[in-house]
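You will see two complexes here that share subunit A, one where it goes with subunit B and one where it goes with subunit C.
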Partner chain A sequence: MFYRRAGIRHTRYQDERQLWPLPFDRRLAILIFLLALAAPFIVDRLYLVSYLLPWIIWSTAALGLNFLMGGAGQIHLGYGAVMAIGAYCSVHMVRAGVPFEIAMIAGGLLSAAVGMIFGAAALRVKGLYLAMATLAMQYIVDFVIIQFPAISGGTQATIQVPRVSFLGVPIVGDRPTYYVALFVCVVVTLFMLNVRRSSFGRALAAVREKDYAAAVIGVNTFRYKLLAFWVSSFIGGVVGSVLAVCYYRAISPDQFHLDLSISLVAMVIVGGLGSVLGSFFGAALILFAPILLNQFVGFLSSEFGLAITSDLRSHLPLMLYGAMIVGFLLWEPLGLAKIYANMRNYFLVWPFRHARQ
Partner chain B sequence: MERRTFLTGTAAAALVSQMPITIARAQDKVIKFAMPQDFTKVYTFVTAEYSQGQRDYISLINARGGINGYTIEADVSDHGNDLPRAIEAYERAKTEGAVLIDPLSTPVARALVPRVLEDEINMVTAFSGRSDAADGTAFPYVMPLSPNYWTQAGLLIDYFRQKDGDLNGKKICFVHIDTPFGKEPLPILEKLAEQQGFELVTFPYTPPGNDQSAIWPQVRRARPDWVMFWGAGVGQTTALTEAVRNGMDMSRMSSSVWISESDMEVAGAQDVTGVLKVEPCASGRDPKPIQDILAEVVEPGNGAGPEEKVGTSYYNYGVMITAIIIEGVRKAIEKAPDGPVTGPWLNDGLHSIRDFDADGMIPPVTITPEDHQGGGMARIAHWDGEKFVADTDFFTANQDVVWEEIRKYSEEFKKTGE
Partner chain C sequence: MNAVAPKDLTVEHWPVREDGLPATLVAALARNAAESGSRIAFREREHGIWREWSWRQALHEVISLAAGLEARGLKAGDALTVVGDNRASIYFAMLAANALGAFPSPVYPDVPVDEFGNYMRFGDPRIALAEDQEQVDKLLDLRDRTGRPETILFDDPRGMGAYGDKGIVSIAELRAEGAQILAERTGLAAELVNRATGENIAVLLYSSGTTGLPKGIPLKHRNVVGGIKNAEAGQYFQRHEELFAYLPTAWVGDFIFTLGAGVLLVATINIPERQETALHDLREVAPTFYLAAPRAWDNMLTRVQVGMADSTNLKRRLFDYFMPKAIELERKRLAGEPIGLGERLRDWLGEILVYGPIKDFLGLSRAERAFTGGEAMGEETFLFFRGLGIKLKQFYGQTETCALSAAQVEGSVKLHTVGKAMPGVEVKIADDGEILLRSASVIDGYADDAEASAKAIVDGWLRTGDAGHIEPDGHLVVLGRVSEVVRTAQGERFIPNFIENRIKFSSFVRNVAVIGAGREELTAIVCIDYEAVGHWAERRSITYGSYAELSQKPQVLDLVAGVIAHVNQAQPEGLRVRRFVNLHKDFDADDGEITRTRKLRRGVIEESYAKLIEALYSGEARVTFDAAITYEDGTRGVLSRELEIREVPS
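== the complex of A and B ==
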């Protein structure tokens, strides 16, 4: 009913191959985009700066990682380090007077270069072994940043991000920072949506399914594995610099530790491997579930006089959070994106029961 | 109940829990503090006791009718040392009109510095955060209110000098966690080594420091005259255990403020007799504020946590910092009794604290717009097997070197931090 297909006839190939062949999907995407554009004017400031902004930044990062993990089937446990390289490179460049647009791209390029070197391990090893190789990257990058005061910024290990402008607009205040992050997010999202329809995306899918089978049918696995790491690390580097400039405004090594890498992997898996929409859902769940659960438990204990000790008060949300992750993985191992797809399929033929898709 | 109904219900409840923040509580005589702290992740070794001390002291003040009719409302929550969560808590606190935030976490404090300077909300960074925030001219709204790590290292070195008469030719080993926090005292120690002629040998261990077995035999072989071990949480107890195993002289082992009674229990209370620490305030239950809390808060059953924790080192740190904050509130009310209660209003009060010693519990603290450290006084105490016993009065030392370092970084911050 909602996602109506009746009466929609694609008479040209390009109609069939559109990003969203169904008008309802298309309108929904446009509506969400318009809502995102209007968000600074319609939602409370608190929700803009502490929910929407981190959400789109983390979603962009999850998209970059999802490109590698879901698109090319290569696991990466050091994505936080990739973002750190981009963040540090661009912040140092901005401090040296380079315009932010160039610094952002340069951060992405440096991340891509370093990420590709470590990604080269993927040419030889797979699965858990690749996980270890990328984990090593995380630790090596952490170590290098901490050990070189010129990078980390001396004993205080914090570098302030100077005020910069993006395409002539100074990034000051809540709205410009939000729009810059949204711009990068939209660009990356469009890239992710389109790459699957390109020969590049199909080659990566072949590598993901079985690399030597891909080689047999003529896909140069050497080239595509390295390209996958290159592209994914480039996105990571750019997001790292957006994170530093738009959100943290002061960077220190602990912002990019293993915690960040693990939470990004969690976002990708909980959201749905290879799904663009899933990256957004996953980022929202991993970022906000702890906050909301905490407030929920706090609300219960303060408003209903639930007598619980402060220890339990702070650990109960963690338990609920853990249970929630396990629950999602049990009920829907294919991720939150699959839950949405199930709903969509249900409504596709509603009020009839079965969709064949 | 259907699973779906349950899920919908939970989601609705979670949404409802969001509501109270938009309904402004219209009580005019309330001063709001936000205390999002790390109860669950990295700072667990200190937060529970520290926060208990803070809440008990605030209960004490409120039970006495507040300050000039103003009551203090402290919103304690958990940020899990996670920056997006901490920033969310900060922005929420700002929306609710909090005038002070105490995150008790170095990464969080560092990330919040640009925001608090912009929003003019006071951020307490006691025993955490940037050491150069002692320079109030560069960080008007960042309030360490306590001796920073540079000062603590300087105090220990001066204590060694007092004991040995002269440090020339002595060997001091600095065993530290290999993070920015662990390496922080190095510039001060290097400068003092040059000035006073002692030899400084450093031993970094990898974070989090639960395995230091390779380091301590080297420390023993170096035959140090004094040892400083610098870490937090598990790194500290591991250091003590390894030092005991290697037969180090415990009365020549020393550490920062981050060592507590429970660390000593873990390492073996009797085995570590003699270990020295920097004490920013009196420990135990003897100080008058602690006695007052016991009589007026804990006795009636309003304590914020288990009674046996009252009077532990970290509990007293919480009381100390809150006492200084409340003194700031008092001064602010003296200066402008009708408010309005804002960040700058409280900032003005904090800057007017003169020789406040919380009935002898803490060294006389003076906060000025230039000096946010409060004078940099503390005392050295040793563990006698059951408790920490003060070896010195509250004193300060080597502040010239410390301030040189503070200014070096704060100047840098002023230049580019805009």
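== the complex of A and C ==
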């Protein structure tokens, strides 16, 4: 109904590979980008700071993890630790007077270096064993951060983030912080969209499907597995520093524990492995569903006078939340992105059932 | 690949007629190259992407080919036999022949070798252009038999590597030779553009040969330019159209509506990758002008209907709701009745929900001018597409008039007429009811056939052979061929073709022959449409393994009986089809039962199926029919079939 495809023709093969060949998709992408740009001026401060900002940051993190899990097929249960390295590295550098731009990159590089060392395990082990290896990373990094006061500032300490500026703009107030996060998000999104069209992305896809087969057709699996961990961890480190500077503003080790890693894995799986759009959907569901369900249950108990005990009142949203995730995955195991793709396809072939008649 | 660099090949002067139009197609090409040289002239799909030629490049291609052809011995007045599907090179070569004062003589690609000689009778064709290896093989076979053509050009190099035969030249090689000659002889390009005149033949086409040998019909540049001038004056064509070149090159419609109008009116000619991808490529092109035979429109309708029958619930319900409303609204519009606000609103909504997406799917969302012609079109199909918002119109013309005689005009479209004569076309009805035409596009005479010419053209008036009349408001009504008017034993006059067309309006019937001349009553031999009936059967869980088996299923016989009964309702009592038989195969041009343009050859049918026809009138319920079949490799065999004869319920 919305999609129009008549008259779209290409005179070069490059044109056929553009990101959004259909005008409708292109316009939709532009519209969403413009809305994201205008958001600080049209939405309430509360929504900007407590919904949009975390959504953008967590989505970026999910994108970084999705690159590894969906793009290269390597599981990672220690992504929170990767972000922690980036966050602590950049915050310490900022405190030492290094500009935020450099600190952010440095945080990414350190994360990439450490992440690659643990990623090296992927050269030998796969699947559940790799999950264990990355889980070990989570605990080792947590342990190191907590046990070294030079890093964490002490067992229970939080480190304040000083005022910084990004590209000459001081990051104070809601709008600058939002735009910095949005900028990083857009850069990572563009990278993710384009990497699939590059030889790098295709090599990763080959490794994902079967590393032996990839090696047989001449893909250097050693190199690409390490590169995948390097790139993914770099993104994780950068997002960690953005999270620290733009959102938390004071960091402590408990912000980067296993639950962060698990929720990121959940975002990727619920959103859709390998899907850019899915990372945004997944982050939205995992972040906001508990809040909305909590409000919903609260609304039910107060407005309709439902006699529910306070125990149940606090547990019901969590139960519903779990049921929802299971429900979505039962409905479409390939994630929310696939649900969107199905809906898009429904309209794409409108008014027919299939594309070919 | 081998796109020739757009060298500066500006030609300042070209032959011009008194009315300021270019005198020949080559002159028009030179004009386009000079006036809008960077506009896209041709676009051809090659391995999935569209390759483009500007007018300047097109002129360069044509002139290079012309120089090459001249070096190979093509002289003024010679014919260049052309056989193959639509390709940019083939169009270039046609124009190149024109530049030399020679003319292309396109032949249908599916003509077998045995008949091919019929299409090389005029213009001493010693050079032939084939599209691919298949056609080259055919021409080689022909050369072994008749010594002609001496030179065979080919376009598609696939599979041609091993042909060492003398006289086989690729078009690319010819172009390179020509470019070489052009570089050596300055002024040759300008000379080539100016060599041909309006009196030269632009193309030699052949009549369909329903009765006997096909006649050669030479269209001169004067005819083509004049005809298109008339059509433009009537606003049937406009400048800068997007055209879709998929019609058979040997049909007048392709030469006039695609190449002629394309060059004269500075259009962009889009050529699909292959015949099989034409429907897909049509969507990529989204032409502004689209011409298709009624059969093709019927197929398109069937495609939409089959697709909708398969669709999801909501979509199908929307379609089932909006489409009848659109057809009803179109009926009102044609009748000139006022249209209420509610209906307009519903039409607007329907455009968004149903009509727009379907037009987009078909690739006709930009088709401002959509035409059909050649034979009668079913009311259902006509109203369906008009209801969708595609302003489909019928035109009337024959090869002898460049197919440009009359056409419907938006605002006064009436279903049963073919519209008014185009500006510059005179039409009158002879005493015996035959339609006579006179215009600039009417040919002077048939090729080397003074007798036939004298019979067909009297004082510039063309005897069309069509029976018809002119309504008081000037609309022309065409009933059928004068020669086809026959009488039953009771003396009732009828045109079998007329009844056949009505039966064929059903998407389930692909071909039908109505028999009844000199008989007590009418009967019919029906060939079902394998695809449509097959799908119909699948949805009803009727199993079948072949065309023959499907055609004899009782349910299918009932279906066809229903179709004929519906047509009978509109027929006078004495002209109702009483009995029919479903044939075990479709009529096939290779068996001579229909012409390449899908017209029935009654003589052949009555002869081949004499036993069947006798059974139709003897009142038997079944008949065993020994069918002679010709296999693809040319061998013949006999197949015995038992066919069921059905009475049509009244």
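Just so we're on the same page, the second predicted complex is superposed on the first by the 352 of 357 C-alpha atoms of A that agree within 3 Å, B and C clash if a C-alpha of one lies under 4 Å from a C-alpha of the other, contacts with A are read in each partner's own complex, and residues count from 1 in each chain.
What we mean here is this: a residue touches a chain if its C-beta (ideal position, glycine included) is under 8 Å from a C-beta of that chain, and two chains touch if they have at least 3 such contacts.
Predicted model only: the values in this text are computed from it and were never measured.
Applying the stated contact rule after C-alpha superposition, one finds that A:Y248 touches subunit B and leaves subunit C untouched. In the superposition on chain A, A:S50 contacts subunit B only, with no contact to subunit C. Legend: residue contacts after superposition of the two complexes on their common chain; A:N294 is shown touching subunit B, with no touch to subunit C.
In the superposition on chain A, A:E16 contacts subunit C only, with no contact to subunit B. Contact with neither subunit B nor subunit C is seen for A:F41 once the two complexes are overlaid on the shared chain. In the superposed model, A:I146 lies in contact with subunit B only, and not with subunit C. When the shared chain is aligned, subunit C comes close enough to touch A:A6, but subunit B does not. Put subunit B and subunit C next to each other and count what each touches on subunit A; the higher total goes to B. In the superposition on chain A, A:W350 contacts subunit C only, with no contact to subunit B.
Remark: subunit A residues 44-46, 49-51, 54, 58, 95, 146, 152, 154-158, 160-163, 247-250, 252-255, 259, 287, 290-296, 298-300, 303, 309-311, 314-315, 317-318 touch subunit B in the complex. Residue ranges of subunit B in contact with subunit A, taken from their complex: 13-14, 16-18, 20-22, 39-40, 48, 51-52, 76-78, 80, 82-85, 87-88, 90-92, 94-95, 106-107, 110-111, 113-115, 130-132, 178-180, 183-184, 186-187, 304-305, 405, 409, 412-413, 416-418. Across the interface of their complex, subunit C is touched by residues 1, 3-13, 15-16, 346, 350-354, 357 of subunit A.
Subunit C contributes residues 43, 45, 48-52, 283-286, 303-304, 306-308, 310-312, 315-316, 318-319, 352-354, 356-366 to its touches with subunit A in the complex.
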